[in-house]
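As structure tokens, here come the structures.
Here come two complexes built around chain A, the first alongside chain B, the second alongside chain C.
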Partner chain A sequence: MTIWEKMQKIDRRILYGILVVCVCIGLFFPSTIRTDPDPSSKSFYAAVQKLPKGSTIIVQTDWTNSTRGESLGHFENLMRLLMNGEHKFVFYSAADPAAPQVARTVLARIVAERKSQGLREYKVGEDYVDLGFFPNAEATNTSMGANLKAAWAGRKSKTPSGTEIDIFKTPVLANVNRIEDCQMMIVITASQSIDIAVQRLAQKIDITALVTGVVGPTVLPFYQSDQIKGVAVGLKGVYDIEYLMEYGIDDVKIEGQPYATAGKEGPVPKTEIGTRFSRGRQYYGTLHVALTLLILAVVMGNVAMFAARRRKGEKV
Partner chain B sequence: MNLFPMMLGQVVEESFWKRLPGPALYGFLVLGLLFGIGLCFALSRVPSNMRRWVIVSFTFLAGLPYVAAYLWPIPVAADFQTEIPRNGVESVGFFLNQAMDPVGTITNIIQGFLLGVGFYSLVRIHLTKVKRKQENWGFSIVLLTCFVLMAGFGLRDWQIRTFMDDTGALNVRDNWTFVNYAQDFLFEGLYQQMDSAMFSMIAFFILSAAYRAFRVRSVEATVMMASALILMLNLMGALTFAQGSAINELAGNTNNLFLLNFKINTFADWLRSTMQIPAIRAIDFGVGLGALAMGLRLWLGLEKGGVT
Partner chain C sequence: MNLNYDVIKITAGVIATIGLYSILYKENRFYRLFEHIFLGLAAGYTIVATWKDTLYPQWWQKMMGQVAEGDNPAVPGYWVYAALLPIGLLAYLVFNRKHNWMSKIPIGVILGLWSGQQVQVWWNTWGPQIFASMQPIIPTTFSPLAVPSRMEVVGGQVLPIADADRLAAVQQQITNNLYLTQALTNFIFVITFLSAFSYFIFSFELKGKLMTGVNKFGRWMLMIGFGAIFGSTVMARFALVIDRMAYIVIEWVQALTRGV
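The block that comes next holds the complex of A and B.
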């Protein structure tokens, strides 16, 4: 058996071992990598950063830990962006019963992080409202578009003092009567729930999205047709947003020289306070390693196949 | 736990579909209860050959508000909360708009019941398995134990946090009780971590499949591989940045802006916007048309599967 034939029949456990070792090494050495953020990520960042201070945002969080590699970073970045902009927000899930609890845990961590940095502490019932889970995305989004007050009627929120209050009496939703009174809806999802949100609500409110790499290609048509104002896709999207938080956007000039501005976002400032690089930076190097490994696997597999065929005298 | 007053308090404005707490509401509740009992009794007495029509009728009624609300003409910028209809057509439009919320609520409640049916079915199947000591009955014990523990600690944790923590003390971990720790351990410590682990296994299969199955055997496979390669390279920021900077410099030195087209991310953008997105859009149109046709068949009772 030649080396090429041996390579064709390599034990899968060897491949698994190589993957584990390569990926794990990358995780221990997070590094800031220069990158060129995707246009859709830039649009997302610009849309959120251009919101007036203290805007009211609807966050539909439809992810759980099965996609934490991407969605956790997305959610953390979003929370930091919203808190830096002093925006008020409501969050709920219309896709997974476990999603609100996952979001609560992450939110509590970000609140604690900001507190330790001496930044203003976000408080439930004052700065954000937790609406929990709605079992049917189709019906929920349709109701929200028809009559937001009725769709969320009777929901209570805790207050910083521990008492309960109707959500529409909280400072978050006090001035909200219909969905058009909110400035943006942001969907963080690992499923097709973004499709339903776009179908039911895109004509009433600006929608942006933070999605996984698998869902990304199905969302990009909405971005191209301007039905969503921006979308960060996958782990690259997580890193893009962190990179933009660190450096901002300056599409107008590159190294001081004028640059094409058509279709560009123009200057959008970086974030001045709080954490900027986090999960994306931690995982992005590993993504490079994993992709390199994948490309090598494809190339080696094909080289081995062609070499084995040539040796056997088959037509290549 | 004062759930009943909380549920009654959900109505914020009165309409055909909703009543504020009072004699009329209680009257409707009693009537609804009696009607529900009567309906259940009547349904149990429906002959087998008529059951299909019962299902078809309910399916039609369930879909009707959404279809009617979508098709019925309404003023473009109607504000359903502050404006009043000017004529009969608008009145129907307003009526249908008001129906969206209660219909949505009913759908959510039915979905909740479906979850309940799922739980019941799961528990029944595994209890039977344990009782008869069928194959792998040990796994059924594990499932039932996890089910009871997760539901028990989860509910108690919710109850404590919602109704017994007036000062918000439980937001600080130091104040947690055994129940809070147990819920956190089960949900965050076990369930969520196993969820992540299951999903991460895909990476191993992808690598193995890439090595063994992704072969250049035809023109189509070659085109697909080239596209995939460009898109994968585009995800590697270090590479695209270095290559992009080199191209920028070259374009600047030679004053040849055409060279900018050879950046990896320009290739990837072109592939996405010119090839991938239109293809996905075409697929979406096809799927949409199919779903519309199937939806219509189901709604109008023309589809025999599922209702016979």
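The block that comes next holds the complex of A and C.
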């Protein structure tokens, strides 16, 4: 058996093993890779950063641990951005019953992180409201657009003192009667729930999104036709947002050139407080390692196949 | 080692991760065990979440009403809500050969509601995209050929135009004109859109070199599009592997060593 034939017969478990080792090594060497973030990511960052201080935001969090690699970074970045802007927010899921609990866990970690940095501690019932799970995204979004108070009727929120009150009596939703009273809806999703939100609510409220790489290609047309105001896609999107938090749009410069050039949204300053580079930076470099490995394997496999065929005298 | 709740929780996650990835080696009982645990947990969690977050506050509490308590006034119960339960349960008669026609009642209600929304949904989805597809393809100026820069060279450095009036004039010029490079981009978009669209004409046979050529070009464009989507999907899958490995080699190890 020639080397080319041996290469074609490599056990796939060896390739999995090499991938795991390379990925694990890559994780210990996070690096800042110079990039110009995607226009859609810049639009997302600009849209959130330009919200008036203390805005009320609706966060539809439709992801669970099955897409943690991308959505966790998205959610962490979003929480940091909203808390830095001192915005009030409600969060719920219209896609997965486990999603609110996943969001609660991450939210608690970000609150603890900010507390350790000496920043203001966000409190349930005062700064944010946890609405839980709504089955059926179509019905949920349609009723939210028709009558927000009826759609969310009966939901209670915990307060910092541990009691429970009606969500519309909390400082977060005290002045909200219709969905138009909220300044933005942000959908973090790994599914088509962003399509449903656009179909039902895009004409009533500005929508932005943080989506996975699988969903991304179907969401970008919404951005190009201005149905959503910005979207960060996949792990690149996570890194883009962290990069923009660190350098801003046309803000921090190196040798006179901005790290991120301004597009249609114009200059937007970097984030001054809290964590900026985090999970996205840690994973993005490792993604390059994994993709390089994939490309190498594809190239080597093809070269080996052609070489083996040529050796056998087969038509290449 | 500090075996607190966090360590136990993360360790359980690590064991489950390894169990589920063990299918990559070969089919085994360890994998099947965690697959069944996962499915059972998901099903059980869904039932509890649906009752606790939706059925209890939105159906049960409204049906039962509320007695006056503290500052909260009494609320009358809407007994009509009780009718929703048998209507919903009719769906399960689909398993009964004699009475399965009754399952069509709740299904009909759902289909009716869904169908009624589709006109609005269709327009809200595609309307703005159809408008956005109408791109101008004839340039309004050939001088310069590309979009003028908002930057200038000062002392060997490239900087944004400092003079506000000149910057505003350049911005106005950009807004008022369609440059050749922009027109070319729009042309590529329109050709791609029309050719990909033409691929889905199945009502009559496409004849002639022009039509078959456009159709073939559309197929190529679709393939390029699918390739890009596949690439994005591969990146997403790698992100999952990277995160699972980070969970094991970073989060778990950190949790184990934190209390030492």
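By definition in this document, the second predicted complex is superposed on the first by the 303 of 316 C-alpha atoms of A that agree within 3 Å, B and C clash if a C-alpha of one lies under 4 Å from a C-alpha of the other, contacts with A are read in each partner's own complex, and residues count from 1 in each chain.
The criterion applied here is as follows: a contact is a pair of C-beta atoms (placed from the backbone, for glycine too) under 8 Å apart; a residue touches a chain by one contact, two chains touch by 3 or more.
On a predicted model such as this, the values are computed, not experimentally measured, just so you know.
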item: Fit or clash between chain C and chain B when superposed on chain A; value: clash
item: Partner chain in contact with A:Ala307 - chain B first, chain C second, else both or neither; value: neither
item: First (chain B), second (chain C), both or neither touched by A:Pro135; value: both
item: Which superposed partner A:Lys236 touches (first chain B, second chain C, both, neither); value: both
item: Chain B versus chain C as contact partner of A:Leu294, first or second or both or neither; value: both
item: Chain B versus chain C as contact partner of A:Ile165, first or second or both or neither; value: neither
item: Touching partner for A:Thr286 - first (chain B), second (chain C), both, neither; value: second
item: Which superposed partner A:Val268 touches (first chain B, second chain C, both, neither); value: neither
item: Touching partner for A:Asp250 - first (chain B), second (chain C), both, neither; value: second
item: First (chain B), second (chain C), both or neither touched by A:Asp226; value: second
item: Steric overlap of chain C with chain B in the superposed model, located at which of 99-107, 135-143, 171-179 or 207-215; value: 99-107
item: Shared contact residues on chain A - chain B and chain C; value: 16, 19, 23, 66-69, 98, 134-135, 138-139, 142, 153-154, 156, 217, 221, 224, 234-236, 287, 290-291, 294
item: Interface residues, chain A side, partner chain C - complex; value: 13, 16, 19-20, 23-24, 26-28, 66-70, 72, 97-98, 100, 132-135, 138-139, 142, 153-156, 195, 198-200, 202-203, 212-214, 216-217, 221-222, 224-227, 233-236, 250, 255-257, 282-283, 286-287, 290-291, 294
item: Chain A residues within the chain B interface of the complex; value: 10, 12, 15-16, 19, 23, 33-36, 38-39, 64-69, 98, 101-102, 105, 108, 124, 134-136, 138-140, 142-143, 146-147, 149-151, 153-154, 156, 158, 160-163, 168, 177-178, 217-218, 220-221, 224, 234-236, 239, 243, 254, 284, 287-288, 290-295, 297-298, 300-302, 305
item: Chain A-touching residues of chain B, taken from the complex the two chains share; value: 6-7, 9-13, 18, 66, 69, 79-81, 97-98, 100-101, 103-105, 107-108, 111-112, 115, 165-169, 171, 187-188, 191-193, 195-196, 198-200, 203-204, 206-208, 210-212, 214-216, 225, 229, 232-233, 235-242, 244, 248, 265, 269, 272-273, 276-277, 280-281, 284
item: Residue numbers on chain C that touch chain A, as the complex places them; value: 24-25, 42, 45-46, 48-50, 52-54, 57-58, 61-62, 113-114, 117, 120-121, 124-125, 128-129, 131-132, 157-160, 225, 228-229, 232-236, 238-247, 249-250
